[in-house]
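I have a structure I would like to understand better, so I am pasting it below and will then ask my questions one at a time.
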Amino acid sequence: MATLLAIITGIALFFFAIISQGGVEVFISAPSMMIVLGGTLAAVFISFPLPSVLKVAGVLLQIFKKDIQNPSWVIALVVRLSFKARQQSLLSLEQDIGVIDNRMIKLGLELVIDGHPAQLIRDVLETELDFVQIRHRRGEHIFRTAGKFAPSFGLIGTLIGLVQMLQTLGATGTDAANSLGHGMALALITTFYGAVMANLFFLPVAEKLKSRTDDEVLRTQIVIEGVLMLQAGMNPRIIERKLNSYLPPEQRASYYEDILKKQNRR
Amino acid sequence: MATLLAIITGIALFFFAIISQGGVEVFISAPSMMIVLGGTLAAVFISFPLPSVLKVAGVLLQIFKKDIQNPSWVIALVVRLSFKARQQSLLSLEQDIGVIDNRMIKLGLELVIDGHPAQLIRDVLETELDFVQIRHRRGEHIFRTAGKFAPSFGLIGTLIGLVQMLQTLGATGTDAANSLGHGMALALITTFYGAVMANLFFLPVAEKLKSRTDDEVLRTQIVIEGVLMLQAGMNPRIIERKLNSYLPPEQRASYYEDILKKQNRR
Amino acid sequence: MATLLAIITGIALFFFAIISQGGVEVFISAPSMMIVLGGTLAAVFISFPLPSVLKVAGVLLQIFKKDIQNPSWVIALVVRLSFKARQQSLLSLEQDIGVIDNRMIKLGLELVIDGHPAQLIRDVLETELDFVQIRHRRGEHIFRTAGKFAPSFGLIGTLIGLVQMLQTLGATGTDAANSLGHGMALALITTFYGAVMANLFFLPVAEKLKSRTDDEVLRTQIVIEGVLMLQAGMNPRIIERKLNSYLPPEQRASYYEDILKKQNRR
Amino acid sequence: MATLLAIITGIALFFFAIISQGGVEVFISAPSMMIVLGGTLAAVFISFPLPSVLKVAGVLLQIFKKDIQNPSWVIALVVRLSFKARQQSLLSLEQDIGVIDNRMIKLGLELVIDGHPAQLIRDVLETELDFVQIRHRRGEHIFRTAGKFAPSFGLIGTLIGLVQMLQTLGATGTDAANSLGHGMALALITTFYGAVMANLFFLPVAEKLKSRTDDEVLRTQIVIEGVLMLQAGMNPRIIERKLNSYLPPEQRASYYEDILKKQNRR
Amino acid sequence: MATLLAIITGIALFFFAIISQGGVEVFISAPSMMIVLGGTLAAVFISFPLPSVLKVAGVLLQIFKKDIQNPSWVIALVVRLSFKARQQSLLSLEQDIGVIDNRMIKLGLELVIDGHPAQLIRDVLETELDFVQIRHRRGEHIFRTAGKFAPSFGLIGTLIGLVQMLQTLGATGTDAANSLGHGMALALITTFYGAVMANLFFLPVAEKLKSRTDDEVLRTQIVIEGVLMLQAGMNPRIIERKLNSYLPPEQRASYYEDILKKQNRR
């Protein structure tokens, strides 16, 4: 919510300044838009397989839906499960799997309950993590590449406009300056489109995808370490201390104490 | 197919915008093309050995022939073979080698049947993988370098045009503006050529070669891990689980179950 | 203090030169500022989660408050504590924890006194260090990204100004040159704003955050090595020699000798 | 030969286009050349020690002398020597050293015959390889740096020309346009020189040096692995298989079979 | 000496070309210099702590004082000492420490004589090496950053000049072209200053600092390996062979043979 407000404020400031200086209708030019969009799309479609590009469109919607949740709930969950596993048994975690809605924790617990050795579990989970990263980084890479192509096609469009204008130069007679001005204005709009698309859409979204990936990698690393310590039957208190070191001090909490208190009350 | 359609749509949009604004014939200039192409080719031929450059031309055709196949068939194959190897023997795989049309799986199985130790097999296959990567990355690198040289020679061509035009400035008399316009238009076309070549051909193709390499590396890693687990006589189910972690969830399938069912039916 | 003086001198030189050449009032333009600031802020807010951006504002104030202290006091402290631990016991350090105001040393000593094994202590402290780095690098990254967006929006603003000016070209009649001049001057101011913001604020601050992070990483590495050698009960003289190798020769001091002298005097 | 032809064709195309558009004599300007060459040389001489720069001149001649030979002869040699070593003894290789003209194989065999342990041999040879790389990369780095300085000095020269021309503007009276044109043409030639030098000489040669280094590193890696397997007394057939994996499939050959046949014939 | 001559020749060529084209006095502009220097200094002072910047000034003088010496004397020294250590004892090296004027060898020998284990010696010396590198790289980084800021402030200065000139455009009446020319010339001088400072001073010096660091790292690596082999009591001939592999073939020499001859003569 706050993020959306901040973005809108920035963009409003930007467009208000443009309007306050003169009409906005001079910035509307279908051919300029077609050159920049057409060129950028063509370059992107040649660069990447179509399914990857389409999948990115899906990712895009999801990005602005919600902010990433605080990964402390992962720690709370792992500590609670390790407590239960020590009091009852590893197998007793089977009934918890159905409730968990995080794919990586689920997969990790399944592997633990199936009795696979720690090395295999680590291998499988880290390969999953690698793959999640590769898939996410590809999305970021597509946007970053589009952000490089867009200004180039903006420049190409301006070159096209300039060449066409210069060819007719001298033939226009009296209102030469008028014609020259209009021609150059039209030509420059394409550069404007390319720069705005890159700097207000492609590059910031690429950056956003990068933060998302970093956050997800962090959460998955906590899951991997947590599941392996849980399997090794380590003390929940030590598990908590070690996993908490992944979080900034202000996000840490003592789940162990809460559980202990609840246990004692019962 | 869809990829081709997408590319064509993008390029059509781009060229339609150019034509709609004025004639396309003003953009045809043999000397400009010769400067950009000649310069870029010369720079590329100095930079790289001729055989490497020629080999890239071959790679180019192959790229647009077909999309890379889903690597899940590699997993299916490895699981099936490991099943057979456990039921019969490693040597029984000899008759399967003839049918397989993937060079790396073939080589891996030959090494397994010859009874080489796991470490040697891994060394040989990973050296093969390294080499395949080096060869592919060189192709990408050649295109990326050409994509850097092309705009530079575009700029050089524009400088040439400007110098030649400016030298005759003032001598032309009455139709000065007309002459100036034509001269600058001609000069700018070279920059246009350089930018279009780089952004619609060299750079996107370099990017395409990069995705191809990444896909092939992934497939080869699956082959290496699969062959070594097969040699170690691991349970096909565990092999499947571990290899599946290389794929995105939607591409995974349970080959083991299929084989088991078929076995039981017989 | 000296740093502030140096910065002010540089900026004074810069602005004095501007004023000496002509009035400074021609450089004040609200719409230009709105385009650059609005655009850059919007791009930054899209790129990064809002809490990260706000946290950076807090970091900013703190940066210019004081220069980073010489990390030699960390060595002095560790040597003194290791001396005490050898003469009395590791548990005797408990009373020192309350006095220390460095979070990492405190955490390290707590782990030592709790009797955790060296490997766990190293893991926890190094994860803390990793996280501190990630948090700091994100701040640097935000500023560096803003430093890339600002000149781009400066350019976009200039394009807007040029297009609006060129549209009215020829319509102005007699004072064409006058109007053209004013229009271009206004347009160029936006580029000026973008370049100044990037080169006098965003990029230098990003660089500053980087030095800060490097210094803090160095200090934390000294803490980690020191705490672990202290736990291992190593000779304070060797601890001092090894930790001193992290410092440049002129910052080193012999704390061990001082302590020894004090001890003997008593 | 073919490479040379390709380079000449490219450059011919490039220059033919220039001549076809106008006289080439307008591009000859001693002061422009002096600014670009003088500036670039000064910057390079400040950047690198003189001996390194002079050594690079020697390397340059050697580069265009011959294409790098196919590294398969190294494999043939190692296989042949390992065959002999197994049939006779490691010491019997002493007489072969005199004939070999590759420094690294020679050094490796000397170390083997002297009876040094495998680890020392690997250390010495890999340090040699590191050094060869550092020396070669420095050459590449010098050219790449010169390729960055040249366009900068081209721009500086154009700035000089523009400033000098603009100073005399207005004083020239009637033929103002003529004078302006000549002045700008002269100014732009320096940018032209800088761009051509960088894009047709410095950068492509840097790229060439890079390919050369990569090829030499590959060959040396084959030598190191080969010598160590030879010392370990491994089966020549396995040596061949393992070394062959360093080569692309089309360059591989079965030296082992040839030697075996020759042996049997005798 | 030769280096200095080469640098002077390059710069002379550069300035001779400027003078030959027109007066040099048009390039002197105090405000332009103040903008570029003031802006760059301010940006550097914000970016880096003051002591680091001042230390760099000291490093600068030292750089042009002498070329780095050939590191072969380090090998000669280590071989001679290891010879002595084998004939007499490690403790006998104590009297040699006073004579050596290289800090790292001294420190290494002290640690050896004090009887510390090899691992600790390696740790201490490698931490020293890391620190020397960090300190040197920071100097390089400061110059490289200044080399990026200088052209930016050159551009900013030109924008300032253009805006001020364009504001007065049309008001000047008859000698409009004259005034326009002077204004633009003045504006462009700032870009010229920024480009010259970056390309003839900041960037080449950064490069020089880099070569220096590389040379010092190489020499220190030889020291570390040498001291550890000396402590291990290895044969001086093997020490020499191994250390020689760090040098290019033409710099190697056989110190061992010399020492042996001298010994026998006695």
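As written, the chain order gives the labels A, B, C, D and E, with residue 1 at the start of each chain.
The criterion applied here is as follows: a contact is a pair of C-beta atoms (placed from the backbone, for glycine too) under 8 Å apart; a residue touches a chain by one contact, two chains touch by 3 or more.
Please read these numbers as outputs of a predicted model, since none were measured by experiment.
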item	value
Cα superposition angle of chain A on its copy chain E, in degrees to the nearest 5	145
Chain A and chain C: spacing of chain centres that average the CA atoms, whole Å	25
Averaged-CA centre spacing for the pair chain D and chain C, given as whole angstrom	41
Shared interface positions of chain C, touching two or more other chains	176
Touch-based graph of the chains, sorted into line, ring, star, complete or other	ring
Direction chain B, origin chain A - full chain order round the ring	A, B, D, E, C
Interfacial residue positions of chain B with respect to chain D in the complex	30-32, 34-35, 37-50, 52-53, 103, 116, 120, 123-125, 127-128, 131, 134-135, 145, 149, 152-153, 155-157, 159-171, 176
Contact set on chain E toward chain D in their complex	2-3, 6-7, 9-14, 16-18, 20-22, 26-27, 67-68, 175-182, 184-185, 188-189, 191-192, 195-196, 198-200, 203-205, 207-208, 211, 214, 238, 241-242, 245-249
